[in-house]
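Letters A, B, C and D mark the chains in the order given here, with residues in each chain numbered from 1 onward.
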């Protein structure tokens, strides 16, 4: 950590030095032709850098330490393998209904997306809904349907887990999803860090990339390094936006695979296809797409779901884009 | 629910009517001199209004139903009483350290804020920190300190609960706080709705007022109507902003008391005083202020904490403002 | 215009009717099973719809009139032809330096981008800079250089005009650019609406699509319908974001060609290529790219400029994407 | 300017040094126990600091130079005197209709606000409207009415000037207003910097404080230092927000007086009073309030205008707040 000063006097240096020492940190000062620079040593983690600005002569504090020891990119890319799928090595399509409602419909979708090359079946059993009066999902019954459909069609499965107390219900689900609203539910993250399943970590609605990687770090620092990141856009006024440039940067900032969920990012089925094409032109690791057997009948989020035919078009177009890049 | 059409033909009306009927909803159409208006009856809750825009002739859908049955303002203001304090009836000052660290310091702050008229002592025992490597709090030991300090100084107590599994540890804490990051942790909200303690519900970092009230609705619909709302600003780029006009509107939209946390809203002790003055000029129900015995020594968020002396100035200024409005 | 009421009484209807009548508007009321709907006739343009909410029984006001009479999409797509280029018919590459500095460098870039298929040469002579102390451009001398380089390489030319008083200096420039900061400089827009040159209208940094089209409407309503829209991202915190989904929607909302300027949208040369690929996967009408002969020597915005080699890579990749969509 | 490096090698230092030298800048390197710091001397203004990040070993660049030579706060507060009013010394109320429509109404408002202690009469003659089809104002005829009303009631006058070509029409107006949409119309700012009238500079809808002060700097660097800043909120999604904490900071960052326009900041008359109270609790230099003789009849922005009675209430409440702070 480095501190840049303007117009500092001896008294200021003394008072800051004493304060730092109390916290196990020492400061070496050097004057470079009028600009005073302080370098800090010791228990740097104890220092909240914003504090140093309390001394009016401080004009800048620069952290020279790396923040994301495990989720950062310092040691190259990681892969996450689940069954016959390896995120970070192949481009993975995850598809399925927003919410599991009827076993027959789920099977219809599962067969269709498996035929189109999807490797993972998604489906919500516990649905986080803004209103307590909205449909909340089938719970454990839905998870059982998802497991059966996955087995029947040779697909891995992913479903959102809203609380660690429900972990045992997810025994036969392959990937556990942390929803955007729970991205900073650190208690849940730590519990998931102690299990041995891959975690799909969605980005929070207004989270920075830094915060997102820290949430991955919560899981990884408990021992579970099988984390897949999923960008679903961030809130901008009354809509969500996938920031292409920031997504591109994120790919360079982390060792973890990153996939994109265009269905929730745009909230409208008409936009899922163009947005999928656009993000597929970057080197992302996969897509997660909502597909329903009967979009207009569905009880939850149907407005952004694709029909099976639309999904097949999407796969074709995304494949074409990916082949040329 | 009302639907406004432009240039609709018989075929469109037919297809929409069939779709609605499948979901238990009927539509009555009337043509008012060229503008076609449809009114929906029946199982309206089943309809995702965004879906109706799939028919290109639909130009607007208006919900005429009330959304927040319990947290809304249709039946006048509620009060929340805990011990000798009644939120919604008196202006309540909540004060105390961000994080509980040393019992002696906590007591020093508790005595000082009690002397200045605070009614509730705050203190974090389980701290939600962006990084897993940051100080995470004393846990149950901290809660015990908080309880003792509250008793000794005649103050009610409030502390953040990060997960419902920890509920038994909070037996002797008077008010349970739901943090901003957990505002949409619906599993936690439902569990808290089943306990009989007042809940302090912070607004999420990018939540709309509508979503905030729905989160209150999650608690209230489980039977616990003792909810106090706490605005702590919303994220705008790299800072947080308390939107004065929206806060003023919120006061009219809900039956619940609303307090403001200026310490987290501005993240800098220099700004806590002016921001407190500004919000106190509205008819809010209280303030929650971070106060530390030794701001610069604290391990967490000290940069936004006031010293005891600064807190006393704040109380004086806020009182003066409140007396004249 | 349609008004939806809740719990209205005769007195309210009377008072609103009187107020409307004063402004030349009449209201026909019909009660549809408890929901009261008012339809307005007459001089609707005189009514600020927000006003109607002053009557507490009003829950919604819907405009059924079309707002962008000229820039909207009601009559299909328009093309804008300048010399041998037709925007809206072919995909147009505009390229060149941010700022014109040295004639030799400009010529080098012009030849290279012409060889790579660009049709229009860009170059700033009057530069809008945040600070008055930053380099402000060569002015009329720069315009003369641009004209000569365009002629020599068979390229059309485009440059930003900051004020209508400078119009005569742009006599030999083919396309006049309105910068993002001037998007709502209505006095300038009206003057440009009276000239007979194509106008490249950049989107303002925080403008809605609605406001952007209204600015086009200012130009078109004065008689000049040769407007090309240019999206350059909108501000989100401390960075700019091209909202892919909104851009896709914009293409359907207007009759005008839309191109994208990824250089200013991302402000960093590393991001120009991935962002160009992403937007090229939509049906946009062209790209405007900053290219410098010597990026690191340039006095203005060089950090986001591509080298000639990078530009050639971009053209190849964008062509590949465009061929498959 | 100071540059902090990580893992730099000799080759990197060489290449950066050469590049800097080309632009008249030299760099002195010193190694402080592994952290390499470079200090730049010479023609610093030529360097775009973002460029230095192109060298991958650069982790931070810090500007140690002051940016706003004239509008900054290095030399203490300035006052701006016009007639018998001194901004920056007394709290100044500016009031009047959004748009000048009828002389009689203007006079009614002018007399009322003068009686309530206002010192400056506002009124729009050239109105910047989002749509070209909205009412655009009375132009020079409106300015003449404003002049007469000001004289009759002993009030100074302020009105928005949309373009420098209209300057002669404003000969008898005391203060020239630059609208939010024109805040970065640098051509206009420079022309106003050459005239000798006070300028009221509104903050742009999404401008940073830094950009706002640079726009003041454009006026001041041409010789006119009589600039009054006016905050009118910044855009956040579909509404405007006055950021109290940032406003408080702005007051410390500039030597110029800052007033607030709550009418445009909240866009609704119900919110003008609470917002005025809130900002009056800070040490701002005045308020600008829209007041209409007949709010519901007005052709432009009436929805946010106060009636004369509401204005008088506002003055009383603001005075009360100001007396106690």
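Keep in mind that, in the parts below, a contact is a pair of C-beta atoms (placed from the backbone, for glycine too) under 8 Å apart; a residue touches a chain by one contact, two chains touch by 3 or more.
For clarity, every value in this text was computed on a predicted model and none was experimentally measured.
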Centroid-based (C-alpha) most distant chain relative to chain C: B
Which of B-D and B-C has more C-beta pairs touching across its chains: B-D
Gap in Å, rounded to a whole number, between the CA centres of chain D and chain C: 25
Centre-to-centre distance between chain D and chain B (centres being mean Cα positions), rounded to whole Å: 33
Between chain C and chain B, distance of the C-alpha-averaged centres to the nearest whole Å: 40
Shared-contact residues (touching 2 or more other chains) in chain C: 236, 268
Footprint of chain A on chain B - complex, ascending: 19, 22-23, 45-46, 48, 50-51, 54, 67, 69, 128-133, 162-165, 181-182, 184-188, 190, 205-206, 210-211, 214, 217-218, 221, 235, 267-268, 296-297, 299-303
Residue ranges of chain C in contact with chain B within the complex: 2, 4, 6, 28, 30, 32-33, 35, 37, 39, 59-60, 62, 64, 236-238
Sites on chain C touched by chain A in the complex: 236, 239, 241-246, 248-249, 265-266, 268, 271, 274-275, 277-282, 317, 320-321, 323-325
